[in-house]
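Okay, so chain A shows up in both of these, paired with chain B first and chain C after.
Showing the complex of A and B:
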């Protein structure tokens, strides 16, 4: 697979906007043109050439060798191809992403996948708050696609999320699924306190949780066919990244009944 | 009959053709907790689906699916539904899935045809949930979850549809022994069932009441095919030789013209392999002179 590698020369001294760096947007540009691309929307902004050494040629794959928590909006406009970040990223990575694949070797800042509509994001580290959540001025959070986080996911993940799936190999922080309107949060180990607060629709799946909201009603144990579909769907789309298939029987809590929500919290443990 | 008939293994193949029509077709996958109940729901849903004229749709079971082939990993059955238009297919799906699959224990119903054009499968059916129904969208597919007394009925939002389908492919089997003829036709239907994307919508795949267009009675659109009725030999212009005791027909609907041709080939092969041992003497086909149907399947082009 052809591809371009941007090797970080030195740590950035300010926050940078990398939303313009995708395989598709760079495909028609020469190395010189790519080097001149600004990484901020202000006069005198640093350029790609200031920060990175370019090797290889444009193609389906873009590698950013060296990460920084000041790299904001990485893959935010990704629609096809693959971006690999060999390190950490800042805020709002994959925000508004519609397709393709984003691989992040380190941790991410807040708002990963906010407004994301499609594609796959794989984070080998952990994520900060509001993963898949709503961004200021937006109506909804994540609206499609899959995020897989090998570590932990920060608090308030899936805030006003509408569609899509977020999988934490370990745990979600407090208030996961707050104001959720659809989609699925799937924890390998646990949710923090008060998951699903004010959720209207959507599915929260975990073996354990912290403090349960009193406004979730215990519906007992169920054999839900939709979980078989979900397990097979993520297995087909994620391949080896997919979590183990869900058990056939889960304990279901309905909520948030404070707002007559039709959401569900499913305990697999 | 036109030109020279052909004989294969003691069975005469008429130099004629089957005349078939363009139709709209779709497929649904029905699953359940066991293969038995998936089949039960499929049989019920495809019942009373022999002729689009009287039933609104022609329906049948295409094949049994292994758990690996279904969206929920349970045993499944793929059913095909054919009618005149996408709107008619949609109406039939709403009634058939709503009355026969939703009601069947443990069942779920999914899209069974990947196609650019789609129609709604869940419309109407999901409202049985009385406001408690919820949707789960996974990738491009949306699944509705309708609460029912044994858990949830899952129904996919949309199904693919094709207007390139073909209905009315057919073979007429003529014989000197009714029981032997029926057994031979059963073997032909079994051979056709191995061909993907086709159904034989009549009871057991076999029709004993072949029809012609029109009738002496006003308002009756079809009536008995007197030229192929043995008991009318001598009274009408019969197509039957003196020793023909019975005629059975196999009607084939398919999602593509090629699938119908493949099924007819499989049927002819099965009958000619049996030969006259069970009393089958001749294979023919039904047509309307070639002026009504867009698809003409000449038997001489379908020989084994």
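Showing the complex of A and C:
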């Protein structure tokens, strides 16, 4: 596969905006043009050439060799192709992403996939707060696509989430699915305290949780066909990244009954 | 300082100059009579270029609280629109509701040298002037909003002496530092607070018993007698309501020859025919406008994409909230004297209603004969941000392009509109009328909008280009007061424009009844209500130009 590699020369001394670096936006530019792109919207901003050494040629794959928690908005406008980050990223990566694939080898900062509409994000490390959550002033958080995190996901994941799926191989932090309006959060091990606070709609799936909210009602044990469909669908989309298929019998809680109560918390353990 | 612009093709409709090739001499910020022997300090060879006066936008919302609400409510409007600081210019952001600095820079980069804020509530005048003071590069001015304010409605209800009403209008223009007067949904903003959800031309306000017809005629007559050049700026009843064209026609007839300017008339030209009960009434509206020389209009063209509507018409904006996109809005009262509605909007070419709105605007442009009475606006940001003007100019000047664009819109809207059959193409001369000479004459700007000796040297030089959108997006040179401020669409010098006001004479005795009124009802004192010259110009915020008042030419 053809592709461009940006190798980090030295750690950045300030926060940077990498939203402009996607395979599609770079495709028509020469290496010299790419090296001149600013990485911040200020006078005298550092450029791609200041931070990175360029190798390879533009194609449908962009590799950022080296990471930093100061790399903000990585893949924020990604619509097609693949971005691979061989390290950590900062805040709001994959925000507003509409398609393609983003691979992050390290940890991510807050707001991963906030406002994302499509595509697949795979994080090998852990993520900070508000994964798939809402950005200040906006109405909705994540609106589509799939995020798979090998490690742990921080608190308030899926805040005001509308659609899409977030999968944690391990655990979610406290208040997962807060104010959620749709979509699915799926934990391999557990949710923290008070999952689904003020959720209106949507699905939370986990073997165990921390403290349960008093405003969730126990609906008993169910055999839900939709879970088989969900497992099969996720397996088809994610291939080897897909989590184990869900058990057929789950215990269902409805909530948050203080708000609207059409959300569901499914305990698989 | 003497500058010669050599060999440009001049379009100066105010002086009847249509594409004549000649030099322009600028002497210390003013256009000077040509003198071949003069010693020139700087010469620009602009042979083959198109030269016009700096463009004037007579209706653009660039100041007042509603813009600030829009900016605060729509952080998504800022994203991806950041503008970095440079050695000359400061940073800014925003697309539909740009920050003040970004708005000033972008206007200048498009060759505009004056902009007028049409909806300044007198109680908000200070904020509006501060915001306009923060808008660099362009001259500006504002229209004071009257017609739903308690004091005027009380005067009308009590059938007070007409001279007192006139004095109140003039006093308001002085206090708010306005150049003209606008009325928004006459009486309707107030009626909304008394639970009325519409107020037709002859419908009575439930509390004051006053009708919009009375308000319109009183204000227009008052402005005529005061000698204010710009006619009453009217945002009529029933904005955006299907079938409202009948109200608009009645409004024109109701004036009996009194001058009015009907603003964003596109939003007031809707019929109720067809399956969707929504149709174009551009034809009857244009016909009546053509027949009434006392009427001028601006179109308020919509163009597709994300924008944000902002209006004093809280009654109608409340009705629009269900179409808000993104789903959030503000409709509020201001000081019990007016209202404010800010509703973000995304016009889609695949929506029948939006597509037909687009077509109705173009139909009006193409059906109204006299370019001196129709001004080019999108009612920024209500129909589209002002940055879309070059696209709109191309739609008017290039029928092939217009037809291509027509093919892209909702098929039923294509069928419902006559745009495809209209062959008219605007000439550069007519564009210069609509964007320069017309607004300048209508607003009473004596030394702006034309290029005769003595005029202010606001000059825009374009490279002639078949693609009119590209041509009007990036002028080659823009001069403001004789100084080069923009070169190839980039700012080379930052200047501060003047604030234009009109100050008709009145009997200061009105302050006695106003003082009683302020003491009883207002949250601020009468003396603090008035905006002083000093407040506008201090900290190098430009100057104040008092445009003469007198009988309309």
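One rule holds for everything that comes next: the second predicted complex is superposed on the first by the 269 of 269 C-alpha atoms of A that agree within 3 Å, B and C clash if a C-alpha of one lies under 4 Å from a C-alpha of the other, contacts with A are read in each partner's own complex, and residues count from 1 in each chain.
In the analysis below, a residue touches a chain if its C-beta (ideal position, glycine included) is under 8 Å from a C-beta of that chain, and two chains touch if they have at least 3 such contacts.
Everything quoted here is computed from the prediction, not taken from an experiment.
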**Fit-or-clash call for chain B and chain C when the two complexes are aligned on chain A** = fit
**Request:** Would you check which partner chain A:240 touches, where first means chain B only, second means chain C only, and both and neither mean what they say?
**Result:** neither
**Request:** Go through the superposed model and pick first if A:184 touches only chain B, second if only chain C, both, or neither.
**Result:** first
**Request:** May I ask you to name which of chain B and chain C touches more residues of chain A?
**Result:** B
**Prompt:** Between chain B (first) and chain C (second), which, if any, makes contact with A:139: first, second, both or neither?
**Reply:** second
**Message:** Is A:226 touching anything from chain B or chain C once the two structures are fitted on A? First, second, both or neither.
**Reply:** first
**Message:** So in the superposed three-chain picture, is A:201 touching just chain B, just chain C, both, or none of them (first/second/both/neither)?
**Reply:** first
**Asked** After superposition on the shared chain, which partner residues are touched by A:41: those of chain B (first), chain C (second), both, or neither?
**Response** second
**Degrees between the directions from chain A toward chain B and toward chain C, using C-alpha centres, nearest 10** = 90
**Asked** Tell me, in angstrom, the smallest C-alpha to C-alpha distance between chain B and chain C in the overlaid model?
**Response** 17
**Item:** Common ground on chain A, meaning residues reached by chain C in one complex and by chain B in the other
**Value:** none
**Prompt:** Which residues, counting only chain A, touch chain C once they are in their complex?
**Reply:** 19, 38, 41-43, 45, 77, 96, 135-139
**Fill in**
Residue positions on chain B within touch of chain A in the complex are 71-74, 108, 132, 134-139, 141, 143, 145, 151-152, 154
**Message:** Going by the contact rule set out above, which residues of chain A touch chain B in the complex?
**Reply:** 144, 163, 165, 182, 184, 201, 203, 222-226, 228-233, 237, 262
**Asked** What does chain C use to touch chain A in their complex?
**Response** 73-76, 79-80, 82-87, 91, 326-328
